[in-house]
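Order of writing sets the chain letters: A, B, C and D. Residues in each chain are counted from 1.
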Amino acid sequence: MFGLNKKDAGLLIVVAILALAAPFILNPFPEGSAMAQFNAGYPDLMQRLVIFGIFAIGFNILFGLTGYLSFGHAAFLGVGSYAAIWMMKLLTMNVIPAIVVSIIIAGLFSLLVGFISLRRSGIYFSILTLAFAQMSYALAYSVLTPITGGETGLQPKYTDPRVLDKALEAGQQPRANLFGLEMNQGFQLEMGNWVFTFNAGYYIAAVVMLVAFYLSIRIFRSPFGMMLRAVKSNQQRMNYTGLNSKPYTLAAFVISGMYAGLAGGLLVAMDTQVGAERMFWTASGEVVLMTILGGAGTLIGPVLGAGFIKYMENIVSKINKSVLEQWFAFMPDGIEDVLVAIIYPFVGKGWHLTLGLLFMLVVIFLPGGLVEGGQRIGKMFRRRDANANSIEADAAEQRKPAAE
Amino acid sequence: MDAILLQILNGMDKGSAYALIALGLTLIFGTLGVVNFAHGALFLIGAFCAVTFSKILSLSHVVIDESQKDFLGNPLKVEVPYIYDMFGQATGDVIIDWAVPLSLLFTVPVMIAIGFAMERGLIKHFYKRPHADQILVTFGLAIVLAEIVKYFYGANPIPTPAPSAFAGSFDFGAMLGFDPNTIIYPYWRLVYFAFAAVIIGGVFAFLQFTTFGMVVRAGMADRETVGLLGINIDKRFTIMFGIAAAVAGVAGAMYAPINSPNYNMGMDFLVLSFVVVVVGGMGSLPGAVLAGFLLGILESFASMSVVLETLPGINQIIIYLVAIIILLTRPRGLMGRKGVMED
Amino acid sequence: MSFSKLTRRGLIKTGAVASAGLALPTYLRADGHSGFTNAPQGDTVTLGFNVPQSGPYADEGADELRAFELAVEHLNGEGDGGMMQTFSSKVLEGNGIMGKKVNFVTGDTQTKSDAARASAKSMIEKDGAVMISGGSSSGVAVAVQALCQEAGVIFMAGLTHANDTTGKDKRANGFRHFFNSYMSGAALAPILSNEYGADRKAYHLTADYNWGYTTEEAVRSSTEALGWETVNAVKTPLTQTDFSAYIAPVLQSGADVLVLNHYGGNMVNSLTNAVQFGLRDKEVNGKKFEIVVPLYSELMARGAGQNIKGILGSQNWDWKLENELGSRYAGTNAFVQSFGTKYGFPPSQAAHTCYVQTLLYADAVTRAGSFNPCAVVEALAGFEFDGLGNGPTLYRADDHQCFKDVVVVRGKETPENEYDLVEIVEVTPAEQVTYAPDHPQFAGGSLGTCNAGA
Amino acid sequence: MAILEVKNVGKRFGGLQALGDVNLNVAENSCHAIIGPNGAGKSTLLNCLVGKLIPDTGSVMFDGHSVLGRKPYEINQMGISRVFQTPEIFGDLTVMENMLIPCFAKRDGAFRMHAIESIKHETDIIGKAEGMLEEMKLIEKRHMTASSMSRGDKRRLEIAMCLAQEPRLLLLDEPTAGMARADTNNTIDLLKQIKEERDITIAIIEHDMHVVFSLADRITVLAQGTPLVEDTPDKIKGHPKVREAYLGETQDAA
């Protein structure tokens, strides 16, 4: 199917089903129940899950395949976002030009940064990309305020020129749309106590994510993808096999920069504003964490990692003391207090602590990320292979090219 | 002229702080080959050792004073530090005033203990893992440590003043024959500069002139061979980690009066210290120190208003710009060795 | 998100296993018969409190959250009622809002506009919040205000001081009780001139982002109008922690006043550095060197410790107002009493503004008789009230900014306890800080029309 | 006709004259060995041929074109392949992938952006790679991760990868270093077979005299950065200068 082998096609179909059914899957708990706190099936979070999935998929093409660890990819996401919002301010609220231009601008910017940074490798490369990103952030926040809005960012206003759109009535909110279909349109499905929200913006983002995921599978299975893994494995042999590794890594860098730009453009399409903080180094660090947490170099890992972190950020951070007290209200007072006291430091404002602990646990016990965890669980169920090396074999199997 | 002198002085001071932080990072990388993203957190813990120590000194019991009222109209609760009971109020005040320098006595053992625990409990298992794993696990640890500090001390900066003997500033201008008040510099920053110089010199001397240092340096160059010689290099590396943690810790403790410590200061310093280390050349101690001073002085110059008028925003990016230029002209930083951290 | 319980029950009754709700061409499904986003159903209403819980302003966020919890308690008729007793509008009865019990959800802004919008959106989309409040920076306030306008809910800004929030970025659905940069400048200038003389040379250090720019502009224009000269104004990076390189040249410039247009960690560090350099012990041009911090915050003052002694600045409110300046500021003591009793220390101005905003919202809803944002906007715009701690106050209809007295404070030389950090120097009356809605410092924006979402 | 002409090549490292004044001609379709004691400059010379080092003086012509100043991958694309002392293969990739990469490099050149095409449609490349693995008796191991193979297999794979590019000149840097006797003999047989079956020139740097005398048509002896003599193996064996400089110490080993 689509030029994929059976296994990859299967993976794509699974991801597609998961993405399309996300409003159901992410809302497993009935409205009003205590567990409803853990529901993630609302448009904003679903959109963020797939958009950061795209970001991580793109980052994985660079880091997972070539091993070049960029610490500045948030800059491309930010530049893409700024490009998109300017298209919306100047041209039209239709998301297509915004997204296309954000990919192009991010691609050009990554070409410049990549061309310079790829002159070095290892940690020197990482620091070069970090330096570019930090400069972009610092300038966007301060002296570039006329272009970027600085601290307060940019939002579309009804007073913007928008040459392609009809003028809005005074005071009307410009809304991002796809040929008239507004990103925030949607409908709800009610089944018993469950309420599921279907949102146009989410489905547009999800389709884009599926295309991005499909392209990343094609890249992984292409001769180009193999060359990138060769760069990671042995650059010396690469050079003595008549291959110029520079254009390969630069191409990977630009592709991943364009993915970041796409994610940035989509972020603006779904939520029409940009702030400079999305270029700060911690945002670049976040995509590194997503990729490694999920499993660098695997196809599905980055998407899992992105989902995991965004879920933590948006769900766990909202559990406050009164929510906890509600949960344990059925228990005797003393036990309730103890439980709340134990759990409270890890949720709500303590969500960073939980995140940090989870990173450590994953890195210590699951070096291959969540994908390795999944494989181990799979192994336990299958029990067909007692071989200690089976995990590595499995990982190798996943890396196998389509040729075989 | 006096403006330039002042910024050189200022840059030296700033540079000494950068160099001191970068030194510990380089020690760990150079000896153990581990990229320690939790190094900023060690600096943070050092600063909070000073905070904790001054809190301990001011531990109080409550005396209810019926003659005064608090803001709600209840009788005022007056806190009397135990240290007053022990030494009397006058001596007690002096001790509390000197809390930061005294806290070094507390910081050093605590930091060495933390360093040992970190190395034995966590880092040891990561020597053979890829650098990316080391970065990730220590980054996770940095988050956890910062959050623990936040849990106990909140997010607000905590004022930790230097002893009042060091309040105010020294007038270099008057000494050098310029107008008074043109080149002034705070006493505590001068103390910090001297302190940094002593620590940096101490670490170099220790590595250069002691047998322990020689073995460690040999181990930095070739770990396996030293191991083959029957020397327990692992144990020495643990000690080295403890020393590096202590260096970071005392750097943090002494820094507390300069910037009131808050839980995020480790992260603030992390990126900066990495830039310094990389510009200096991974694993090179003199490189780290040199880069620290270089970046400190350049940053000071970039913040001069004459410079800012011609190049607005240069103060925002100077460090990164210099880092890029240096890395493009000198592939492995100022004094880096070939093949270190290049893959 | 909030859903009609009636509808849902109806569905269960008819035994429908699955039924697609109406496809509504709106952002969020508004209830058919209410016509606006997240119309409260049943006997509860949900408010969203979006405050920084991680990052440098986490403590300020925690204080805001305490105030919100207290406000909700009072609205629901628990506790001593706080400022509801002194509030000039008497429609709130302690039975929730219009008989609906007030629930609240919280989120973490992380002091990043992206994160703040994400968490506000989750409150609106998932939890059905009909009003969002809180925040501790102008970047976040502007971003969340724009979001609330799009979504059709009310935004009651927390701590935000930049002119832009009710200037070029103002929105019909957003309201700011807190004062702004212009007001700080206008309130401070006459007092600075009284205290330090009209012939002063000022040196500005300004945080290099929007709030810094507007504050510098406001203070400069107000002080220059009174005869001060501005020697130099240098922008400092937000991420700067050590300001020595910026402080060191100040004395060389011949300036005799240093104005620190900094907030939060920047302010703590720059002030600490300035005092370390001994600036305050110097004499320049025959005058004692002075430092001014236009926007004071109790938490930051605590962070700066000893260094704030004798430093002038402005505040939106202070917990000692009523004790020191009398019953014009009624409400202050009532609030301090209930806050202090519950938490053991006096509230900060951030807590005060958040508490007041919540009460004002509840009051507006009750007076309007509807949760519909457009009705609330109508009820709040041009609303004059008293008894909420700031004296007589106007919520101006032109820009949804509150106009009230501004408190000028000075770091106290001998604090009685760790919360007694400032002394009130003077209160600048509201008339003196009022400006025309089209003042150049606020130009370029438009409120637009209210958006109810449906 | 000489395919490789090295003229007056010199190279200094600081104070050390690594190569003095090296002249060397390698005839087409011959097997030319370069021997010499440690530090004689063998590896430096090889690095000058493949573009890793640029000599200070002299010229290196391959098939009438200068290689100096060209990058390693350009020199490789001219038709020079190199086998390293320790096998340099793509350790993380499978044996089959290791084989595919040089096949692509041969067909597509130094860079081609073929990011969307699937490898499995490249039937001719796959066929060629499989044929090569078959010939090298590695076909059974094609799914193995390359780094998990034995050293002998890695060496065979590396040679196969070089041959897949159909080079005109194959440079071998101590191909049997660190090998057991049996593996060494296998490698000799393999190289003999290659020499017989293909239109290829081989230049080999070797310590092991057994290997050298089994394979070489001509031998150049390097000592202290300059060529001592160049002649046929038989002549070299009896050459007094060589005995003195070199063989004297290693005769027992040979």
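Following the convention adopted for this analysis, contacts are C-beta pairs under 8 Å (C-beta built on N, C-alpha and C of every residue); 3 or more make two chains touch, one makes a residue touch a chain.
Owing to the predicted nature of the structure, the values given are computational and were not obtained by experimental measurement.
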- Item | Shared chain contacts [subunit C and subunit D, defined touch] | A
- dist(centroid_CA(subunit A), centroid_CA(subunit D)) in Å evaluates to 46
- CA centroids of subunit B and subunit D: separation to the nearest Å works out as 52
- Message: Centroid from C-alpha atoms only, then distance subunit B to subunit C, rounded to Å. What do you get?
- Response: 36
- Message: Quick check: what residues of subunit B touch more than one other chain, meaning two or more?
- Response: 312-313, 316
- Listing for subunit C: what residues touch at least two other chains? 54, 58, 62, 208, 235, 237, 239
- Note on the structure: Residues of subunit D that touch at least two other chains are none
- Task: Go ahead and list every pair of chains that touch.
- Result: A-B, A-C, A-D, B-C
- Message: Touching residues of subunit B toward subunit C in the complex: what are they?
- Response: 2-3, 6-7, 9-11, 13-14, 17, 68, 70-72, 76, 150, 154-162, 167-169, 181-182, 184-186, 188-189, 257-260, 262, 264-265, 268, 299-300, 303-305, 308, 312-313, 315-316
- How about subunit A: which of its residues touch subunit C in the complex? 31, 39, 42-45, 48, 138, 141-143, 145, 149-153, 155, 157-159, 170-173, 175, 182, 184-193, 195, 197, 267, 271-273, 275, 277-278, 280, 313-314, 317-318, 320, 348-349, 351-352
- Would you pull the subunit B residues touching subunit A in the complex into a rising list? 35, 122, 125, 129, 131-133, 136-137, 139-144, 146-148, 151, 267, 271, 274-275, 278-279, 282, 312-313, 316-317, 320-321, 323-324, 327-328, 331-333, 341-343
- Task: Please name which positions on subunit C make contact with subunit B in the complex.
- Result: 54-60, 62, 208, 232, 234-237, 239, 241-242, 244-246, 248-249, 251-252, 265, 268-269, 272-273, 276-278, 281-282, 284, 299-300, 302-307, 319-320, 336-337, 340-341, 346, 416-417, 419-420
- Message: With touch defined as at the start, can you tell me which subunit A residues reach subunit B in the complex?
- Response: 67, 69, 116, 119-124, 127-128, 130-132, 134-135, 138-139, 142-144, 235, 281-282, 285, 288-289, 292, 296, 345, 350, 352-353, 355-360, 363-364, 367
